[in-house]
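Please go over the structures that come below.
One chain, subunit A, links the two complexes that follow: it is found with subunit B in the first and with subunit C in the second.
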Partner chain A sequence: MDAFQYIGKSVVKVDGREKVSGAALFTEDIEFGSDLLYAEVVEGSHAHAMINSIDISEAMKVPEVLSIVTGKDFPYNFGLYMNDRYIFAQDRIRFFGEQIAVVIARTPQAAKKAAQLVRVNYTPLPKVLNPLDAIAAGAEIIHPDLGQYAHVPWFFPEAGTNIAHHRKIRKGEVDKGFEDADYILEDTYEVPRYSHCAIEYHAAVAKYDHSGRLTVWASSQSPNTQRNLFAKALAPLGIRHNDIRVIAPHVGGGFGSKAGVTMEIMAAAIAIKVQGHPVKIMWNREREFYNTYQRLGVVAKLKIGVKKDGTITALKHDLYWDAGAYVEYAANVVNAVGLSAIGPYNIRNVSIDSYCIYTNLPPGGPYRGFGYSEFLFGLESHITRIASHLGIDAVEMRKKNMIKEGDLTAYGAHMNPNGLSEAITKVAKEIQWNKKDRSSDPNLAVGKGFALFWKAPAMPPNASSSCFLKFNEDASINLLVSGVDIGQGFLTVMAQIAAEILTVPTSKIRTENPDTDRNPYEWQTVASHVTWGCGNAVRNAAIDARDQIFSLVSRSKFLPIEDLFLEDEKVKCKTQPSFELRLRDFIIQGIQMGDGTFRGGPIIGRGIFMPEFTSTNADPDTSQGGHPNVHYTVGAAAVTIQIDKQTGRMNILKVVEAVDVGKAINPDLIKGQIIGGLLQGISTVLYEEMKFDHRGKMLNPNFTDYKIPTALDIPDEIVPIIIEVNQPDGPFGARGMGEHPMIPVAPMIANAIEDALGIRIKSMPITAEKLCLEILKTNPKTPQ
Partner chain B sequence: MAIPYEFAYEKPQNLEMAVKLLGKYGKKARLLAGGTDLANQMKQGFRVPGIIIDIKGIHEMEEIKMDGNELHIGSLATFNDLLSSRLIKENVNILHEAAGLVASNGVRNRATMVGNICSAVACMDSATPLMVHEAVIHTLSTRGGNSYRIQDWFVDNRKTAIQDDEIVTHVSIPLPAARYAGAYQKLMRYSGEDLSQANVSVLMLGEKQFSVAFGSVGPIPKRSLKIEHLLNEEGISEGSISRAKNMIDSVIAPITDVRATKEYRMHMSKVMFERALLAARERYNKPRVFFK
Partner chain C sequence: MKKISFILNGEKRFIHVEPNEILLDVLRDRMGTKSPKCGCDSGDCGACTVMLNSKTARSCMIFAIETDGQEIVTLEGISKSGLTPLQKIFLEQNVFQCGYCAPGMILSATELLGKNPHPSRYEVQEALAGNLCRCTGYTPIIDAVLELTKKQV
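Here is the complex of A and B:
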């Protein structure tokens, strides 16, 4: 029994009616009138080449073409954490499909036609298509200027190599840890690249008006960060932050792909060339695949030592990341994993080397899970394999080694309160871990798999959030925040937090996607941090408004502040039960005194939040000494799968997942995240597979040949379990959980496959074809 | 996505006008029925027709009907028309089964079966059901009517025997007088819409009479008289299935591409052949199910 009125309730989404009715406008829906111009990108057709010349003469002859913009027009670099990216290719291109120029025309047809007529003369360079080749002796250097790029202080680029960053952890005595081990398992796991596949394409419209105002409408998770990066990149043109306005309409899915800045910067830049006209750049599905961000690929070499009783004595984890042609965002994925690649375990002796490696493939970047799915594939496979070898139950092995509150992380900080133990117990019970399922059909094999997960938000130590809370005459509220609702329910949760404190129902709180002119600062909607970070800002704004209300009522009604409280949109007094004052009667107009004068004025709450305990100051050789992460969200998951031994097809009979969310502000939305995350995870294991040819060109940038699940591919049964061990510094105890549900899926399924067939798959994806060919290899006599 | 070039467009209201237009423009023209292939090809620039002849207004070509002991499927019949047709379900269940696995519901609402065999892409679903049923393709041109046996229709990947001035009016399927049942198996990467990586149609016409065809495992669909002969000699037994499966190695020639390896296609063609054969027998031995 809690006393909450709005927290913990599955309040209907505040933007639901707008989206269901079709009232919601997405970037592509907005009308810009007949002045609107269209841009088409000219793409490079080599993975690595010097650009000798760009001939636009034929293209400029196409009627209705106004301008063609190339790298010469914008010789600027930019980036979120490292300035290694260019608005347009300068002297060279570094991945197949990179933008070289943009044609601006009055119609999309003319722009496209002209783009096909731009002639680019190249000198091809040797290309590097995988990370191990890129760090081999004599490898072609992709960024000769690496040493000159500005970057955040917690990156350690190695100039003259393809290593853009190297995160190193040394804790305890690793060699001794392995010496003490009774058993050591060492193996290599490979996880390829993946694409986010948000259904809405990237889209950006920009207008540079004759007063020098630059407005950008973009499908974005990060309007403030975009404004910041636009302003920094375009500063040589005299553009300041307050000249730029970024408006984020509704977003049709992000999953990380619309964080930071990718194609939007082209819109911002080229608008300056056609002053007075709005100009639109729309991505198509192909470019969604090869010119936004991709999830990084990784080759992970993992070594774990254990005692006979299952106690882990040491871990060595070397991760070689295929980060792509530009790593301005990707390098922080590598960094985050470097810090956390011990998984949710208490391990005394740790060595981690996480290498961010340039390759001539599309830029890597943020993707739901931020590297954790990738390293957990190996780690959680390893734990189960070790348990099997020792004859210990895989769940018991995890319980024995799991991290507890107060234990030290790999970088020496203390673990936050968490419900990992409860999650393990509940998942094991729900999946009936101790019961072995069998099929009566000899062609079908059934197996169960278990995996743990953890993830911390990966943010700069000063990532902050803020909120304006404006009351209206009828005591309805406009809640201004700059997080973005990308489907996760962020706006609803913010409304619930304000509603709880101010006793105004969520139906009277309007929370909308941001506009940087109107809404206050938010770093980005990433890292599963907005419920926690922005939620704290909203809580602070609501408390600020409440304090103003109580102060006003106290001084005008002569009641002690400490006796006042809010209930049903009224101010009441503990000591005077007959007293009540409706918010709507004074919230804007003030309170009239006996002499006819008024006290008060519009109530406007203001809230900010920045974690003040985080720091990236640490020894670069050990990573000890700082406090880079705010906290971890943990959980457990398990699956029962049925495998057709003739075809390799896997049918997921049941999947269970428990996440410790601290406090479930909206349980239905959390269940939605768990189900959606599991599906996305399952998809990366069973179906999705990026294929590149020898030139580095992606072969399947479409849904014909890059498969994401349909309604027909949903598991037979999904059981989401919510665990609530409060996060002390979270709003009402909440912590983030948006990315987490997909993280444990790959090892969980790999573990289930081994349970069913005795076959261990160490590379993703695990398609039916791959499994079938493995079955045939292992047992050629399997009936065909 | 914009189509960055100009083309002419005509929408004839009857077959005669369509035939005349096609006679006039020949190779320069493309017929538009469902358009699910054509529109994509034009957007991607694979095909740049000078004129589109939109035949969607020729309603007589929408029909699915019995014509004596032949089933007549008009060129404008979509896959969802096939799916909702009692005639198809009762008489050529194998085609019904294949139609249900074509793409997604939205595409099935537009895409036509005849368009599928005219595009003649190796991954098409309709070919093997029509092959085991020995369907006939009927065309019309200013030179008059013409017909092709299905086994003569497919020439190469994306290439059929049709002449530039011919328009397919319908496909006819002769219905056997005696009991028969068939089954279709398709290799897909998941349960959602997918292009066939391999498919098999088996038609059982008697205890020792079979028709078998393999799709997506070569440039054109392949009926195997060799396997049929074996089954027609021996009927269905563990031994005959095993021997027939071994024959498949020499019957089909799958390739490795972005969708599947040749090894998996070969293996799955064998698995699916067996499953289709057993499913066809089960249906053959069961009384037929009719719509109420």
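Here is the complex of A and C:
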């Protein structure tokens, strides 16, 4: 039906050749010459302690050490949504491994040696290692200055407590909703912390030159936000935004870990202490685990009331988040979940309390799914449990209650057009939901699980994107945007959007990695919003360029502007079929007139995009009245698993997932997100487990002890399904989907386990060991 | 310091190394070959994979001094005379996402197909199991390897 040339096609990734040839340069691959200095961090060895003194005298004696920087040098705090973070620890440390100082030396060896000689004298403080302890009466207060931290207006910190933010929803009449219910199920679900495990470490190199220019090369999802936060934190030193240049080369995986600002601010700060020299700060695998962001843990208390026919009458969801030592980003995860923890359901009576709680564990932060995986574990487990109690099919129960276009969300806004119903139907059919699979081997149990998901981008209401589109003499294009290709295919999708409008093939379009000096503003590459937000900016830039082209051709060739169109890199005219003008013949040099003069000049498109309908102005006690989210992306997923009853080992026989992407700009890349996201989700259920000791120290910060899947640990069969119910305000109808594939995995597996064994697991992960112990202690279904 | 030499991507190179210098660091920081990456520094992830005497090896686990007189090939060497059929199919099928694991993954798959031109699915999985990838879920990579072997029947 649609006659698109580039949209909807699995064109080859524009950065594909670089990636398969070894040519792609990541931050650590860039050479900085013989003057490069190396930084090594001095880490705290308590989860919570006052710092009495830092003795650097022995460390400074190490040859080739230039400088040692501590919190005294940079007494500034910063943060994305709340300024509760410090570049270096000030008077206290709040998690095990927090940065106290940095040694700068000529060689990495000298820096490491000196870092070990920095002596820190502490007075240990009582520590709080779980969120429920942290809100108990008399709990140690982790941030006595909470009341003084600047924060966005939609956060509600409770000074004098460990509650950094509390998002409340009150909709309808919850008590009455429960009174009207024929059945109420109330239970608690627990989801622990997880690590992103991008294979590339965080890395940052900074140089503060003698003219006062600060350049930072960083593996980052957020170059503009980094520049903004560096500029704000370093403003006391007289550094302005335009003095700072952030360059983001290829990024070796993000998943949220490289969003916002973490270790990069140390590079920016210490460069100022060694003016004139580039200085590099590299993370290692251990620090990737305990000093970037971790996915937050949560204890979720969920109560749902239903009528006998399955209609949900009320939902009460109380979520206690283990947000860690600093919550400048994590508090927005808590906020996002607070707004959306009804799941993709139409529920009249709702009460949600989502608490962001400080603990003395590493800072929580954004992780693919942004809290939705965590709350949906309980919610989608609950829906299946209620359905079985009522004797209703779990898929029918979902269909009955699912949210539809125009229904009200928990905060009272209208739901966007969506293909949830189509997704449910297609997934149920593909997994053969109505067919019970059973194993002939009595030691094996087979079960099926189903789950829905939804997620909205969690962004400030004015998060914006922009694009410059520059033509070259041969009508090739350099597309300047500041979104980041973290593997999802952003560069390619932007090229496809421009290609479609300008009829220039994607092979002639280079989408450039961010450089804040060259490329225009993008808020961040997070929230699954860049296809939508930055895609709109690129579309606007391409339309702007096309308008300039038509205007130029119209006035120089005396053709009516409305008759002009583009085809195969040429301007053509509907009313004069013989007319055609190649873009390459005028796009830079202009068009020559009869008298020898020229018209035109280089065509440069400009596009911006900011959603102008979002607002966080709402009643803080109910969250009613605002429009905090742009839209939701929805879908459904199902799994067939086979369990070895003697070992608890689970084998995923088949997994099906349907996502409503609005419009699939590049189906290959969408399928890639689905397949990759599913395995990341499966991994959080079956393999990954963070261990902390009684001191709050992470015990397994490496791939030997924290297992992520290998090529042998994948499902036997994966069926990705693309649903396309257009997003009216998206580029060609597209909406984001990068995070979503992993969101439904945990409850869908838990539901399948119950189907297979009659055992309900309410805490993650669900490792083979854990399941085996459950099989031993419960009374499983008799072997078939 | 000891002067050693090895054949790197077909070229004889000479270098003075300390006995404790790691091959990965020497290749990246002193030889200019950036395709081997560091992803764990402990032999778990395979991002540092190189071919040492035609067999894949973890360059983060090898002292450079051990490679005196030996032959090393990195992805730069593989790509020297254009993309191989394996690289081409990986490119055409958009199998990689961030691409950080790609150099190691391609070398492991190249080694497999050199030894076993028609591997089973399980053999492909096993050959790639030492290369961690967090983006792709592996399936597109495995599918592309198998498709190539079918083309080359």
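Keep in mind that, in the parts below, the second predicted complex is superposed on the first by the 778 of 784 C-alpha atoms of A that agree within 3 Å, B and C clash if a C-alpha of one lies under 4 Å from a C-alpha of the other, contacts with A are read in each partner's own complex, and residues count from 1 in each chain.
Basically, a contact is a pair of C-beta atoms (placed from the backbone, for glycine too) under 8 Å apart; a residue touches a chain by one contact, two chains touch by 3 or more.
Just so it is clear, the model here is predicted, and its values are computed rather than measured.
A.B. asks: What is the contact status of A:284 with respect to subunit B (first) and subunit C (second): first, second, both, or neither?
C.D. replies: Both partners.
A.B. asks: Considering only touches as defined above, state whether A:712 meets subunit B (first), subunit C (second), both or neither.
C.D. replies: The answer is both, since A:712 touches subunit B and subunit C.
A.B. asks: What is the contact status of A:25 with respect to subunit B (first) and subunit C (second): first, second, both, or neither?
C.D. replies: A:25: touches subunit C, not subunit B.
A.B. asks: After the superposition on A, what does A:13 contact: first (subunit B), second (subunit C), both or neither?
C.D. replies: The answer is second: A:13 touches subunit C but not subunit B.
A.B. asks: Counting touched residues of subunit A, say whether subunit B or subunit C comes out ahead.
C.D. replies: C
A.B. asks: After lining up the shared chain so the two structures overlap, which partner does A:250 touch, if you call subunit B first and subunit C second: first, second, both or neither?
C.D. replies: second
A.B. asks: On the A-aligned overlay, A:37 touches which partner chain: subunit B = first, subunit C = second, or both, or neither?
C.D. replies: neither
A.B. asks: Mind working out whether A:672 is in touch with subunit B, subunit C, both or neither, as first, second, both or neither?
C.D. replies: A:672: touches subunit C, not subunit B.
A.B. asks: In the overlay, answer first, second, both or neither for which of subunit B and subunit C A:776 touches.
C.D. replies: After superposing on A, A:776 lies in contact with subunit B but is clear of subunit C.
A.B. asks: Classify the contacts of A:768 with the two partner chains as first (subunit B alone), second (subunit C alone), both, or neither.
C.D. replies: first
A.B. asks: Considering each complex separately, which residues of subunit A are in contact with subunit B in the first and with subunit C in the second?
C.D. replies: 284, 704, 709-712
A.B. asks: What residues of subunit B sit close enough to touch subunit A in their complex?
C.D. replies: Those in contact with subunit A are residues 1-5, 104, 189-195, 245, 258-261, 263-264, 267-268, 270-271, 274.
A.B. asks: Mind pulling up the subunit A residues that touch subunit C in the complex?
C.D. replies: Contacts found on subunit A: 10, 12-13, 15-26, 28-29, 196-201, 250-255, 284-285, 485-489, 666, 668-669, 671-672, 675-680, 702-704, 708-712, 714, 718.
A.B. asks: Of all residues in subunit A, which touch subunit B in the complex?
C.D. replies: So the residues of subunit A touching subunit B come out as 107-110, 112-113, 116, 284, 646-647, 686-687, 691, 699-700, 704-705, 707, 709-713, 767-769, 772-773, 776, 784.
A.B. asks: Residue numbers of subunit C touching subunit A in their complex, please.
C.D. replies: So the residues of subunit C touching subunit A come out as 28, 34-35, 37-42, 44-45, 47, 74-76, 78-79, 83, 87, 90-103, 106, 124-126, 128-142.
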